[in-house]
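In order of appearance the chains are A, B, C and D, and numbering begins at 1 in each one.
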């Protein structure tokens, strides 16, 4: 039914995607950082917090897809330079979004992993363009996309020659309004049944409230995810985007302790 | 915004609901059993399996709300008698559904806990009737209901005088068709923020596939649920309802081992 | 696939349901009135407006299913008496909701047509009870129900012996928040393909804004509906329920002129 | 609440968008043609049918956004050449999709109107690129997008300098599976309240079944739409895409007669 081929689990070993020193699909990884790179100080300070907390990679947006043309659109190339600086200071690999097929080559010069955001999951031109590179790709699930559609988008990337794809469940749109979206953790065991690609979870965008993120991180581990990606900001109340869902450093450190402890337990349980 | 009063967490201790020897809201409980009581042999044998696996209570439906009038509607009073028999043999408290306000008094004679099913969450006459008893109530979330609507239905029950309400997240209806419904585990921390009532999770109905149930049970524990309710059948392929999602005894025993182990770990982590 | 039998169109003539002088399934009917019967003056004055505008029947709720126990729950028996009075003064047949199987016999003494509300579409006990009467039934679609589930609920009623069922599309729950629900007008031709039962449309509850109701009434006619049911209040801003979506008398009169004109045109076009 | 500026109706006259001889926003327009341009013969023969039926413009896809990389992706530039040929033979203006910002200039050489498809509604790079042209844009609603998000995407285009935007409601994704999507006709009066831009309706993609298209076209007129866009194929059963929802020539001619007749009536009614 699924019409998938290259991403199908049948007859294949589980894929491990190497991003700098981080290996996704082996152990449990944590990618953390701000929604947007806002300025040098905010980005570097957050990167140091993320490093101190024990994350494996730094996330941060330079090119943003915003609902309104009047919302902060990201710093673009300047943001990429800041991320490079943050990498120099922390040795963390960089995960950042690309939103235009014409930007893929330039973003590849700065990014260790290219993120395809939820609104661009079915941006076929963009999928084909990142498929022509060898840079690892983090493919977020469209907030309104079925698992079948998601896997077909991964198939587009592999079909162009890039096997380094990691899936990211980030919540789907439902009628519930208390949370921003509804995090579909059952997608984790489903993905493991259907494909050899790793899957990580983004609870920050899904729930939209920082107080709910930590328990969803723990649930993601227990459900078998290969990692999480979370939003951290040195001062969430002043964030230019996603202020409600960003953890402050204390929340992040506390979450990390629990995540690493549960991760070790689950490694033994399995 | 929520317009809730009696169920609001503000100024109240967490509620513990006692159902026979089972205390919901203290530790982690497991309720297990068949979707429907089909006949005496099936029910008793399943009850013994559930007991052997270490569950805290037995579930089983005598009155069923089925989509079609031509589907198996449950054994009714005969089913309640069989459940009583199963209780005699296992000492497990009984959780069973009531679907008609006129049946509440008779079902209370057999049930230790009354289940309000997902299709009856907003059956106000039924809510009021169970609210007039002292029997504990398991209030399933409507598959299309917001958390606000769900809490208001609990408010209906408490408003009639019955404080013994346990909430049960069982998946919501979304566009995704690979799973039967989408399990909303973020409802767990949300419920804990908003109300003093305990919350358990029903992964069987949510995912609709037995192979996915175990990982969702573990995720529910990690997310902070007070328990789970799962479907077990001695021979799922011959079940009269919900055959795809019922665990067989081996799957149940394996799940229970992992659940109890993770539960102990989480007790220490918190 | 649909698992329907008695409601299936195959081999059957289109059903015409007679409610007093109103025949649903032949021509185009308009049922109008307040969401709730609030008091005698409001109900009688609205009934006279509805009559003056040329409606075929009066709607009004005496028993209400409200989200919160603290919202106005309807006048109950007193409301039924007021509706009887309104009928005496206008000769309009009465359409009113029943929400408890124990109330069916008493409501039948006052109602020319029993309404099953959206939250009770799968209240099987209630469906069976109205199925044992001969009183026509207006079965609203569950706001979260598929067409297949809806038809199966009609099947429950016919299966008990009552053939006088009219379906009512009233909007489904989606992610869109600008309108209260999303009116699914494509359900009209679908229902006509699948079943011999008539179908009417309730745009008031679907859109939730009075300014949008008139154009949806016209669209319903063009799509082939057998009628509409709309909310009218003599003073919407003071309504105890559904104030945003109730038309005032002027809006109603204007809408009726356009509805009757379009109806005549469509009768010729077909 | 909507955060819109240039597209807001407040203080502005209704926009009329001129596409060749077709004026959208004045009278009622019909755009028709195949989902995909498959080959010259199919495209030309369908164009002649569309012309004969009285349509105002020809639609046809040369660049396609398909769910699977293994599905027909469109003929690309060759498809554009065929459309030009069809235009030469029928004098109908051409509406065709653009899916990549790098293709905008070339597609503008062939198209009288650029279509932004449902999966690309939030492809911001593409919106900005078409916003830099003067070619009229048909902006389809994302199948999972709120009206607010949709209007913000139109705002992106106007904000780049192109005022010639027409909105197209094409159905939203819901839990209902009998139809492909759920056509939201209430969006028509909503859009007319909120913006000065014209709105047309695509019932073919929404319902996904040719037998339902005609009644939805009539409903769209009655609801106040400025036009429709429908799929027509000379031999639907052999179509390379969307075969279930394409009308054959006879269905199209019959629909057009009824559409034009209703349109004249509605012009008088208003």
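The working rule: a residue touches a chain if its C-beta (ideal position, glycine included) is under 8 Å from a C-beta of that chain, and two chains touch if they have at least 3 such contacts.
Quick caveat, the model's predicted, so the values are computed rather than measured.
A.B. asks: Between chain pairs A-B and A-D, which one is joined by a greater number of C-beta pairs in contact?
C.D. replies: Counting C-beta pairs in contact for A-B and A-D gives the edge to A-B.
A.B. asks: Calculate how many whole Å lie between the centre of subunit A and the centre of subunit D, each centre taken as the average of the chain's C-alpha atoms.
C.D. replies: About 34 Å, centre to centre.
A.B. asks: Would you mind listing the residues of subunit D that make contact with two or more other chains?
C.D. replies: 144, 148, 173-175, 177
A.B. asks: Can the chain contact pattern be summarised as a line, a ring, a star, a complete graph, or none of these (other)?
C.D. replies: Chain contacts: complete, every pair touches.
A.B. asks: What does subunit C use to touch subunit A in their complex?
C.D. replies: Subunit C residues touching subunit A: 173-175, 177.
A.B. asks: Can you tell me which positions in subunit C touch subunit D when the two form their complex?
C.D. replies: 144, 146-148, 172, 174-179, 182-186, 188-190, 193, 203, 206-207, 211-212, 215-216, 218-224, 258, 261-262, 265-266, 269
A.B. asks: Please output the residues of subunit B touching subunit C within their complex, sorted ascending.
C.D. replies: 3, 5, 65-70, 99-102, 119-120, 122-125, 142-144, 148-149, 152, 155-156, 159, 173
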